[in-house]
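So, here's a batch of structures to check.
Across the two complexes that follow, subunit A remains constant while its partner is subunit B and subsequently subunit C.
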Partner chain A sequence: MSKSLNRREFLKRGSALLAAGSLPLSLVEVAFGKNSPENFTFAYVSDSHITHVKGKEFVRNWDRGLIRAIAETNLLDPRPDFVFYGGDIAQLGKREEIDHGLEILSALRGDVHYVMGEHDYYLDLGDYWRKQLGPDHYSFDHKGVHFVVLNSILTFDEWTHDKWPSAEERMHQMARLDNPQGSPFMVGQAQRDWLKKDLDKISKDTPLVVLSHSPLQKIYKGWNFWTDDAEQVQALLKPFNKVSVLYGHVHQIQYNQIGNISFNSAMATAWPWPYPASYKQAASYMPKLTVDMNRANPFFERDATGWQFINTHTGNVDVHYLLPDNTNRVVAYDRKAGHPVDSEYQAAEDRIPPQTHY
Partner chain B sequence: MKTTTRPYLLLAACGIMLAGSAAADEFTKADLDRWQAEYQASVDKGEKLFHGGLKSKNTVSCDQCHPNATNIHPETYPKFQQQLGKVVVLGEMINWCIMNPLESEPLALDDPDMVDLQSYIHWERRGVALEPGKH
Partner chain C sequence: MKLPGQWLTAAAFLAVGASVSAAPLGLPPVPVPADNPQTPAKIKLGDRLFHDKRFSADGKVSCSTCHDKTKAFTDHLPVSKGFNGLTGTRNAPTVINSAYMKTLFWDGREPDLEGQSKQPPVNPVEGGLHDHKPILKTIRGDREYTAAFSEVFDVAPEAISMDHVAKAIASFERTVVSGDSPFDRYQYGGDKTALSEAQVRGLELYRNKARCVSCHTIEATQAIFTDNRFHNIGIGFKKIRGQEEQTAEEFVRSKRAGADVDKTVLTNANVSELGRFAVTENPTQVGAFKTSTLRNIAVTQPYMHDGSLKTLADVVDFYNNGGRLKETDPLSAFQSGGIRPLHLTDQEKQDLVAFLESLTSPQFKPQAGK
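Right, the complex of A and B next:
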């Protein structure tokens, strides 16, 4: 019964999307010049938080978010060269959750590159994830762009190994975003050494695209919108002309420019998070460049969730946010301005009331 | 109903007479501390309920969407909840969340758990000016 309903719902939504000619996806485009054969796109889906309830039961809402993002990604035309999955397939790192998430993700057409999230990691320190998906940090080249994936959600050894009575307790603690007992994310010395070696081989005019789960910049430590060694990682990226960092974790639109490095976040397919400034008891450092996403209407289950489609036509990225139940957004690198710009709402006078958070 | 309330009223009246000279609105620093501690105990209970302590049929908890109880805006209630088409108190929206994202049973508006949840939500929002009705 539910299977046929799901299928019907999928077909209905799919055909509506085709008719509308627009897709609720976030696309990233890396661009080399208008008609360059090197131009390519990729899709970027993140933060599904598949949650096991009991037996074969999973939280329906989060399942639906991932299923929808994949259905829409599969409708992209032209086809993206590949898909990035930005981390947090699971909610509590359980095998059931990773298996169920990967089963849903198996419907994606094309290759998928995965990023480790803290919800995938802190139960078994990423063992099952790596067994299914391979290394948690790696690099590859594609049509002149060098892609690097980092595991940015590590933390102090003492917190990881000595503080908690069980692996389940450790996972529960890290799964709580606003946990005063939490610990800051970091890439760590070993991966930074690896990154340095990896980048030594790459010419400085090669566009770099770096993927991490947490932002490689410091926004709000209380919710780990933060990577503790962000500056050290940024220093390794600094010698390159064009660098884009893409990250998940924050479940909201964020973008920024620090020197030569552009930052763009991904929406979650599961649920949105408030902007840190709406917590009045602590200071936070949201990039001034960011025009906030619309405030979520909880009565629309998929509102303020989404996925992205990315262009790479200038060697920088143009991120198309595909937002079910809302208006899509495009945040593209502006060569003149030297930073990402929202195509519609960047100027203060162009913003709309739902973009005001409080 | 009447027969049960009357004896209580009588007892209360006796109590007032027995207390004699104590003035009703005089209280000490110790009283203030105790009353604040009573409230803080409710905040602490609410904080636990908010972070997974509430009975949730699908394991989803309030803090998953509302870290530090953000994006609840208790200072704006009562307000016209446009999705419900009427003016509601905060407890009614809390119940909407319990019934929908949590797929669970709503609480009575005076249920101790409902009170504790609101103690915590308001505490995290302390210092913010009242803006009843604001969307």
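Right, the complex of A and C next:
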């Protein structure tokens, strides 16, 4: 904050933070849910990557990230109707990691709906996760909105079942970035059939909110910011008037609009990823609307991590990013523009250019 | 009220209407707002106002009660004592070098010195006045004051306002700057003998292993020893542990219903621990307090926003254990990601304390025999 900041700006900035941090009921005005006069918010926490070291020891940094996100989520006023956990509770799919993560997550106030991440899956193909948390794809209705959760991190059967000498090796391979031995994520035929049947029952003017771990769009294959059958899934969502896809996995803020579908990512509670463009000096197909994330201060382990709460009052989603040691941001669907708009970095001249590596 | 020589030197550099002034070794020029230029008459007026005890309910509390120049502009109490001996919730920060602060109070609830000085006289546990009227009445009935305000602000007695009072006090406070410590002479003055060997080792730790410099900044040509940001380092949370949600919710609701932040944080011990959150309502700032300067830290004990740490050795232990006095103490869920165990040896801890003792300016060095 510069010394020239006058009192009015100072107070105004305070209230802008207020709007991003907590949401007075008076702001929730426009009813949109079909057959429902109510508006609602939900919280969205993702990518904690709880990592077992040995015995009862876990990586402190990732524990602290999840603990902090939960403590902050519990402060939301008004209370969110429920919480989504966006996947990757664990780092290497171990029972110790899932148990420890769920123990920390048990401090959350309210119901939690879980999404499967690849780090939860590729050790035992999701057995322990499903035993603890139930099915990895499901749908439910809430106040006029139809929610769908998909397991988008599956891949070819051959890669999963025939390629690796051990489950641990399979997990390690899938955990790597830029891995020539890796394999692209996909929702798969069986789940797409299930999704089609599920959506057949829903009228086209019902707002849809779809959660997946990987983006249901193609951004960068080398890091699996990618779902191989994204177009086929998008085709099933196309007939609906209002569709929002929320995904984790990327550990950074992304947003995009493809036809009727708005895309918004979640921050990780563990660590930030740089944008792939800054890593690979080649076309990365980042969504055009996305503003590059500024660089994290490595001293503050929580910088460039965070969590989000989501306001559904416009009929599409407004994603409020809560970013410790940084500036909170809101990416809200703009009805006039027809796509999500970033509240913090709209003007090109205000943007921080991405890093370039040589 | 006579200014000690060191400040007079600093004050003498102040040119009328200038936006900056020359500063002691190790400090940048003092930033001065365009609408409140420094003048010798205004500084003198501010000095008198700063020490005037009549601006309180019992006539015994002035700014200098808690910001006493003989105690390096603090009160050496854990939390400050106001009128009728009432205590608040927070430790009085030193006025020295507050001119460089980008926000004032531990939670930064005021943007500048002008805004800051208006609050304590009307806080129920500080000055204890209901409003500012008695202050203006006293000033208007004091011929020395009316003459001074007329000279400084060109106002008739009945036109003197709290804005004038606050501007004069802020101008005085902008002269309370001090650098020229052994560290400054070593770092910026080229005197490599100014620090002892232990202090030099402590500086190295300060910059690296002990992770101090990331918040208590030292720059290439100057050091104000604060990043002017807010961090939850783990102090005080035990007081509201398990009650954070309830405390935050009740506070936010009462604030929306019109409750005054200044009064609430100083009179409600639990709300006080919400720190910066009480100002911004940003959930990422629960328990976050402003990074204090470390200049003259060896003479401004006790430490932290609640004055809960008595010695610099305690402070170093606290950080060494990752934001707690004992390794077995619980951690706040809201703690900053910059705080983590440091694994310092006993020798390293002593060196660090020795370095912190090198940050005292000559005019605040305890006199022999004291």
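A few notes on this one:
Operating definition for what follows: the second predicted complex is superposed on the first by the 313 of 358 C-alpha atoms of A that agree within 3 Å, B and C clash if a C-alpha of one lies under 4 Å from a C-alpha of the other, contacts with A are read in each partner's own complex, and residues count from 1 in each chain.
In this section, a residue touches a chain if its C-beta (ideal position, glycine included) is under 8 Å from a C-beta of that chain, and two chains touch if they have at least 3 such contacts.
Given the structure is predicted, the values throughout are model-derived calculations rather than measurements.
Of the two partner chains, subunit C is the only one that A:Leu76 touches; subunit B does not reach it. By the document's definition of touching, of the two partners only subunit C reaches A:Arg68; subunit B does not.
In the superposed model, A:Asn328 makes contact with subunit C only, not with subunit B.
Within the superposed three-chain model, A:Trp271 lies in touch with subunit B and out of touch with subunit C [touch as defined at top].
Within the superposed three-chain arrangement, the count of touched residues of subunit A is higher for C, of the candidates subunit B and subunit C. When the shared chain is aligned, no partner comes close enough to touch A:His137: not subunit B, not subunit C.
When the two complexes are overlaid on their common chain A, residue A:Phe299 makes contact with subunit B and with subunit C alike. Comparing which residues of subunit A touch subunit B with which touch subunit C, the overlap comprises 60-61, 297, 299. Across the interface of their complex, subunit A is touched by residues 31, 33, 102-103, 111-112, 115, 211, 214, 228, 244-245, 248-249, 252-253, 256, 279-284, 286, 331, 333-338, 340 of subunit C. Those residues of subunit A lying in contact with subunit B across their complex are 49, 51, 53, 57, 59-61, 176-178, 222-223, 271-274, 278-281, 295-299, 357-358.
Only residues 51, 57-60, 63-68, 70-71, 73, 83, 96-97, 100-101, 103, 124-128 of subunit B touch subunit A when the two sit together in their complex. Listing the residues of subunit A that touch subunit C in their complex gives 1-3, 5-7, 10, 14, 17-18, 20-22, 24, 60-61, 64-65, 67-68, 70-77, 109, 297, 299-303, 305-306, 322-325, 328.
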